[in-house]
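Listed below are the structures to be examined.
Both complexes below contain chain A, partnered by chain B and then by chain C.
Presenting the complex of A and B:
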């Protein structure tokens, strides 16, 4: 069993174990999980004002259930967060979430999956930000504080998933959404619909995916052992994109 | 004697006229602050005139960085309660000089950039709620607010 925790523990952050490691197998894992659980509670007490004080929000995407001809999650995100979805300026348009089709050359297996900010536990975008605008909330959601972003786009370079985009043009009043403010000159990315999550809601992509009947995107709390996402992660094999970078993302892919 | 009285009358009338015109000019130079839709702030308008930037800064950090949305002073509520109706009976946007914030900010020549990102038009749901309830009193004391902003000043 791989253990990313020892390599990546950050003293002033939350506990670093993944739920998968936490509940995986055997006695060793059980002892380990007990110790981590204790640490988690201790850290959380320092942040009692934070909505997700004992949470780490994540998504589990079942690649087998994701259909290549469906982009409802992308449409829902665009609609919820007010970024324009067009084919014309694909190089400069915002891409909070995009669909990717992959083919394994050896077997010919074709898969389709949505790719968005992976909400890493050790986010490279936060490391490089010169102003502190790029930050990670204590519930694991990685955000851009647009109030202090200077638009240098260093984080866009640092992100291994190309998950961030720059707002090149003025956002017209008619396109603005009250829950998701965005304007010219700053960097943006998937917020895991933080404005909905903070009020107890679910991200728009996950809702849309459920509505299509594909049910490929599951949203939940990775730190809650009884949440559906934790149970699925503990039961089935799943993987993180670019696992080699050891960023420990909150977005996990099943059957990838 | 008669001529002296006449001069006095003329002088007095001139004086009073100039005083009146001064008064008039004072009125016309001050910004006419539009009336809000909901109930007044418990802290009073004078407090809000001085402290509204501090409150907005403090609570934007709390909402964005800490995820605490149970805050008293969200910009959404400000723009909903202080919406100004245009000629078409619809709330005006920041583009319009009649917009609540612009009335004073134009007067003192301070441009605010909140509405390059934030929606300047109110959400209907928030407006309905504000019509029913009074604005909540501040959760934090003035000293707490000042300390926070001082600590975060760069």
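Presenting the complex of A and C:
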């Protein structure tokens, strides 16, 4: 499992290789019957070309282009990954991405921006996780391994961005999507649509934002000097949230 | 002065009635766990803003008190105070029992209780939580050996002292680890302070001794065994000292925060306008859990009478629970400062004080942990020779080094 961090043991590697061999035997029916999460991990780990060490996936969010009355990135994430926000359970429902309305106290300037897992280079959630369920791939995407998360919620205490949600009740079938395994009693957050990215795609929020014409969210490879995101970052000033913590997140904000 | 003799507790209707009542609490907690496990945490008051609630207050209280309860043993065998030796066995037993009660609550609140084996076999050694799993289970082993050394015949004194020293150092590490669960959280205004670890050690001294005094006096009342005034007075004075140290650390923590501009709003929240948290801080922790016990324990005319010491210890315990409620839940109620200098609003309760209304389920679970700890202690005293038959002043030379 090359795309996992070194925190994953040799034992885990062996388990994955077995899984991979298992998949390679062509036992499609058996594969289908496996937990969705296992299948997702197998996809992700097989695609070394995309998730290799030479890439670091990130988002650049231009705050000036983000409209306060637009919520399309949130809707797209919800559709893609299955989570839904209800009015009656707004305190316990998961939110992988949310729109934040801000008013600068000194100047009165009003802005709006989306906030999700910042996919930090030094993620506090990964540091504190007792079992290693919170982990960072070598391409910078921070995920929760739903198979070994015990639901202690220490990562939620540690995240400076309140980016994680605990699943407080049984997940209805309608809220389960093939790309994002979900289940009661574990923690989840933005996966940067890893299932799409590993197939060469783009996260749903970025696609939706482009479709609105606002083009506030730009996805790309931060390690590729020729990518549009790298060129924009090299040309214009941008900032990271909670920069004081020096977590070096993959999500950057322009004009903020 | 006769030789100190230890004996098992006798089977009396009082003892069995007490065990029956405790079993009811444990049973209620077990049913609660099944109910939460089946329905998910949505049936509790905890949510995505307040992720740790009342069960964690009880769990951490018990864990912190566990390491403190061992101090009585340590004073006897590590610091050589002979007068404390007769009660050292109870101290070790209570330390193990409190830890088991606290761990039970902590574990039973997990989102995936069925994956407990993963927590015990898969470690991320950068996590203080993972270290604590080892520190807690190791503590049980180390104290079990220590208790064996205290009880077995013919154990040389240097071996007992070595075991005692090892257990003492282990308990310091354990409480440091527990305090660091919060002290190492960089994200939140309420935590991220190195003082948390030593403050938790001070809290453990205080809460642990209070629990020890409650169990000691309670057992003596129930069984009619004698508990001399001298020993009680000594322990009461020590409790008063520890209560003072906790107040000192609390003062320094808040003064340090008040000096740093970025923490002032949080301090205003806890100290002035935090509603239940402000009330629990001033009335629960500082007044009832601090000043009143100090008054009861040190006023020259009150003479540290048995019932006053009992009341003081009870108040220290309640004050401790209030303190942990303020630290754990108050710390989460205050919003994360993701955007300093901005007014913030969102669908995820950014920028607002988070509300938390604990349900009775959470209290039942927490109290179940206390009941479990007491049950283990009583059963331990019932089947092992833990309690001295006579702790009267004539029989215990408290001043002997």
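Everything that follows uses one rule, which is that the second predicted complex is superposed on the first by the 206 of 256 C-alpha atoms of A that agree within 3 Å, B and C clash if a C-alpha of one lies under 4 Å from a C-alpha of the other, contacts with A are read in each partner's own complex, and residues count from 1 in each chain.
By our rule, a contact is a pair of C-beta atoms (placed from the backbone, for glycine too) under 8 Å apart; a residue touches a chain by one contact, two chains touch by 3 or more.
This one's a predicted model, so the numbers in the text were calculated from it and none came from an experiment.
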{"item": "First, second, both or neither for A:232, with chain B first and chain C second", "value": "neither"}
{"item": "First (chain B), second (chain C), both or neither touched by A:137", "value": "first"}
{"item": "Chain B versus chain C as contact partner of A:184, first or second or both or neither", "value": "both"}
{"item": "Partner chain(s) touched by A:56 [first = chain B, second = chain C, both, neither]", "value": "neither"}
{"item": "Chain B versus chain C as contact partner of A:194, first or second or both or neither", "value": "first"}
{"item": "Chain C versus chain B, contacts on chain A by residue", "value": "C"}
{"item": "Which of chain B and chain C A:103 touches, first, second, both or neither", "value": "second"}
{"item": "Which of chain B and chain C A:173 touches, first, second, both or neither", "value": "first"}
{"item": "Residues on chain A lying within both footprints (that of chain B and that of chain C)", "value": "170, 184, 186"}
{"item": "Residues on chain A engaged by chain C in the complex (per definition of touch)", "value": "7, 85, 89-95, 98-106, 115, 124, 126-132, 148-154, 156-162, 165-170, 184-187, 241-242, 245"}
{"item": "Residue ranges of chain B in contact with chain A within the complex", "value": "60, 62, 64-69, 76, 93-95, 116-121, 123"}
{"item": "Interface residues, chain C side, partner chain A - complex", "value": "39-42, 46-49, 51-52, 110-113, 115-116, 118-119, 122-124, 126-130, 133, 181, 184-188, 332, 336, 338-339, 341-350"}
{"item": "In the complex with chain B, residue positions of chain A that touch it", "value": "47, 49-52, 135, 137-139, 141, 143, 145-147, 170-171, 173, 176-178, 181-184, 186, 194-195, 198-199"}
